[in-house]
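Okay, so subunit A shows up in both of these, paired with subunit B first and subunit C after.
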Partner chain A sequence: MTEKIVLSAASRGFVLVKFIRLTLSFLKNLFRQKAIIFSTLVLPLFLIWSTWWVTAEIPMRFKLTTDVIISQTMVNVHLYTGALTAMGLTAGLFGFIVSVENNRIGERLELSGYSTTIVNLSSFLSLLLALTTSVILTVLFTLFLRQPKSDYGFVLSVVFVALIYSAFGNFIASVTNQFTEGSLIVLVFSFIDLMLFSNPMGEQIYLQDWTRFLPGFWPTQLVLESSFIGKNELMSQVLLYSILYALFFLVAGLAVTKIKKVN
Partner chain B sequence: MLIYQKLIYQFMSHDAATSSLLDIRDVMFSYNSKKKILNGVNLTVNPGEIIGISGENGTGKSTLLKIIVGLLKPKSGQVSPHGRIGYSPQDILLFDNLTVMENFEIFGSGLNLKKSEIRKQANEIMNQLNFSQYAGELVRNLSGGTMQKLNFGVSLLGEPDVFVLDEPYQGLDYVSFQTFWEIQFNLREKGKSIVIVSHMIEDTSKFTKSYHLINKRLQGCDRKDCPVCCQ
Partner chain C sequence: MKSVSLLKYYTIAFLRERGVIISLVILPLLLQVSAQAAAPKSDILMKFDGSTFTSSGVTLNLMLYSLTAVVIVASISSFFLAHNLRNTSARLKLQGYSSLSLIIGLLTLVILIDVFIVTVIYLYDVAIISVRSDIGFFVSLVSIAVIFSTIGIILASVSDSKSLGLYLILTLGVVDTAFIENPVLSRRYNDNWIDFMPSHGSVKMLFRSVYDTGTAWTESIYLIIIYEIGLLLVLWLYNRYRN
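Presenting the complex of A and B:
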């Protein structure tokens, strides 16, 4: 009995060591790529700046789910929702590309004794760690352009979008390993969600019941609430939805990978 | 010399027939229900055998190897390995932005080898294959041939019982090709088995058994009367 417990603890220790080593290797492999500088740093900054630069100072009024009415200029709304869109696009695309590359090598890693779950989780964790730089830059750059009423809520909404969309990219990578197809799906979906349907700029659709199920809806509500009202009433709801969405995409990706293997 | 080698192979194969390292029975595989890629494939790999499988492009050679190593599951039939399998895939599957040694370390770590043991084995492999000067080099900066050596070298980690090698000598120069075969013969002497797949197996005398993958199944090749290629 004691032997069994010791063996089981030792095996858990081995699994943990493997997980940490693999995550660090994925991370090292990522940071040694020049393309990462463009995809995680230049791309979001360019998107935020260009969105802010092209939008006019036209006044606009919109409601939140909490029925609070906000009067703001379009450029201000666009700046914060643009930051979320930039983060969503970057996290989704980066998540997809990195996951496709890691899935390719994952087969060989599995033959070397790593489990599918360890490979997928290590790959995803390294992706999140790499995206941290991108989140920090996105936040700092947006704060440099305008100061939201609550920094805290704004920062967390960017973090939530990064989490959800990197998991979404990871999921798409398990469905298709074709770069053109996958990138297009991620680009179109994240743009439609964060820039049109969850966004008060998309007047015709904004706040329709079904849009509440979009992954970007709640983080967008949080960013608007915290930036313009300074309250974070939606925080717990957004936290819950974001974690559920990220988990859903992560588990779905793992399931698709396993199903593909069996078939 | 070759006849002598051949006799040793035959003796070893016969002697070890009862304790095979790999048994494939009646394997059928298709990527979709309409078109079968493999049908009724049988193969027994005994200790000390070097088995060559050839076939034209698209006949399912790589698919068969993926089934052997467990990356694909057969639709029917059985694959029973009786030992650990080392696999060198046709495509170079390595971390491009890690160094040669870092690649050895991460793949060795999966096999639960200690870091010191991995380094020892990696140094031996690199010395044998003559690319130890690249130990600290990033994989993306290596030539195609050196990448191929590393791709093969990684499969040697942990001393598997059966080596499954998919087009292993693509891109190797003549000296490396000779070294590659020396390693195969050394492994065979240690009782290891090797399954090599190539679209061209020119020198069949190096193999204990040769097969052609034709009409979705393996056909033994006895060289003299082989209707396919071995004349």
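Presenting the complex of A and C:
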């Protein structure tokens, strides 16, 4: 009995070591391709700066789910929602491209004894770690342009969007390994979610009941609440939905990969 | 003749991607349907070419999102097509194909794809909104698609990294069409430097073909032609003198 427990603990420890080593190896591989890392900085910085520099000071009035009414200029609203959109697009596309590349390497790794789950999870963790630079720069640059009333809520919204959309990119990579269609699916979906349906700019759709189930809805609500009111009342919903969404995409991605292998 | 056989080869390579229908038909349409659904209810007062007029929220949203949809789909499909064919093109060059014939073959396919994407979006839009000139509307969308496709091909030749090239073309496309070239939301629209942005001529043509601004839609066609010729020259020179 004792022997069995010791053996199972040892095998779990071995799996953990394998997982960490694989994550570090994926991460090393990513950092070796400097252009990939640099590319994650281009889109957020340009998109945030251009929305701030270009958008007119048109007055906007909209409600939050908490029934609070916010009156702000469009440029201010665009700055924060633009930061989320930029992060969503970057994380989604980065997640997709990196996962497609890692899935190809994964096929060889599985031949040398690694399980699909470990390969998939360590690939996801490595891309999340690589995205950190982009998240930090996005946050710092937005804060430099305009200070929100609560930094805490704003920072967490960006982090959650990065988490959800990188998991989404990872999921799409397991569905298709074709760059054109995968990139377009990630791009159009994140654009529609963050720029149109979850955003006060999408006037007729915004706050309709079904939009609450979109992955970008709660982070967008939190960013508006924390930036313009200074409260973080929606934090618990955002935390719950974001983690659930990220987990859902991750598990779905894993399931699709496994089903494809069986077939 | 060489370009024709290349066109055949490139078309087969492009159609080998199974999800091509999703990329070229369903996704741009999805963007259009979403833009229509989310459009503001109220009419919007606009000023263009010195004349003031009102536009319904649906017309404005559909028109502006048709630009974004065309640019995103055309630039990404041309970028990945050209990037995937980089090694093949290099080998074909060694076998005696000239840079010009390779560019003509690729560009012809890209233009055909662009016309297809635009037709899908055009048919959807004209079924919902009424425009001043149907031809002007179609030509302006094709012109912006061709310009961004050419930029996509240039970036595919220049950038070794797929992800860097994708982010660059996307940044340029989204920033230009969704923010800078939006006469309603952009406070930079009347700046002089905007003439150098890739979609400026096409946006002018698009507005003139949708609304009665008092100016013919063909007025800015020279800007588009000059821009496209400039891009083609850059593409040809880069491919000719690379290595």
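Methods note: the second predicted complex is superposed on the first by the 261 of 263 C-alpha atoms of A that agree within 3 Å, B and C clash if a C-alpha of one lies under 4 Å from a C-alpha of the other, contacts with A are read in each partner's own complex, and residues count from 1 in each chain.
What we mean here is this: a residue touches a chain if its C-beta (ideal position, glycine included) is under 8 Å from a C-beta of that chain, and two chains touch if they have at least 3 such contacts.
Keep in mind that what you see is a predicted model, and the values were worked out from it rather than measured.
S.K.: Using the touch definition from the top, say if A:Lys63 reaches subunit B (first), subunit C (second), both or neither.
M.R.: Neither partner.
S.K.: Using the superposition on chain A described above, determine whether A:Phe14 touches subunit B (first), subunit C (second), both, or neither.
M.R.: Touch status of A:Phe14: first partner only.
S.K.: Determine, under the contact definition given at the top, whether A:Arg212 touches first (subunit B), second (subunit C), both, or neither.
M.R.: In the superposition, A:Arg212 touches no partner, neither subunit B nor subunit C.
S.K.: Return first, second, both or neither, reflecting whether A:Leu109 touches subunit B, subunit C, both chains, or no partner chain.
M.R.: It touches subunit B, and subunit C stays clear.
S.K.: Of the two partners subunit B and subunit C, which one touches more residues belonging to subunit A?
M.R.: C
S.K.: Touching A:Thr180 in the superposition: subunit B (first), subunit C (second), both, neither?
M.R.: second
S.K.: Which holds for A:Gln33: it touches subunit B only (first), subunit C only (second), both, or neither?
M.R.: Once the two structures are laid over each other on A, A:Gln33 reaches both partners.
S.K.: Once chain A of both complexes is superposed, is A:Leu22 in touch with subunit B (first), subunit C (second), both, or neither?
M.R.: Touch status of A:Leu22: first partner only.
S.K.: Output the subunit A positions appearing in both contact lists, the one against subunit B and the one against subunit C.
M.R.: Common to the two interfaces on subunit A: residues 33.
S.K.: So in the complex, the part of subunit C that touches subunit A is made up of which residues?
M.R.: Residue positions touching the partner: 17-20, 22-23, 27-28, 30-31, 34-35, 37-41, 57, 72-73, 76-77, 80-81, 83-84, 159-164, 166-168, 170-171, 174-175, 178-180, 184-188.
S.K.: Going by the contact rule at the top, pick out the subunit B residues touching subunit A in the complex.
M.R.: Against subunit A, the touching part of subunit B is residues 69-73, 85, 87, 89, 93-98, 102, 105-112, 138, 154, 157.
S.K.: Which subunit A residues qualify as touching subunit B in the complex?
M.R.: 14, 17-18, 21-22, 25, 28-30, 32-33, 104-105, 107-114, 261-262
S.K.: Would you tell me which residues of subunit A are touching subunit C in their complex?
M.R.: Listed in rising order, the residues of subunit A that touch subunit C are 33, 35-36, 38-40, 42-43, 46-47, 50-51, 53-58, 74, 89-90, 93-94, 97-98, 176, 178-181, 183-185, 187-188, 191-192, 195-197, 201-206.
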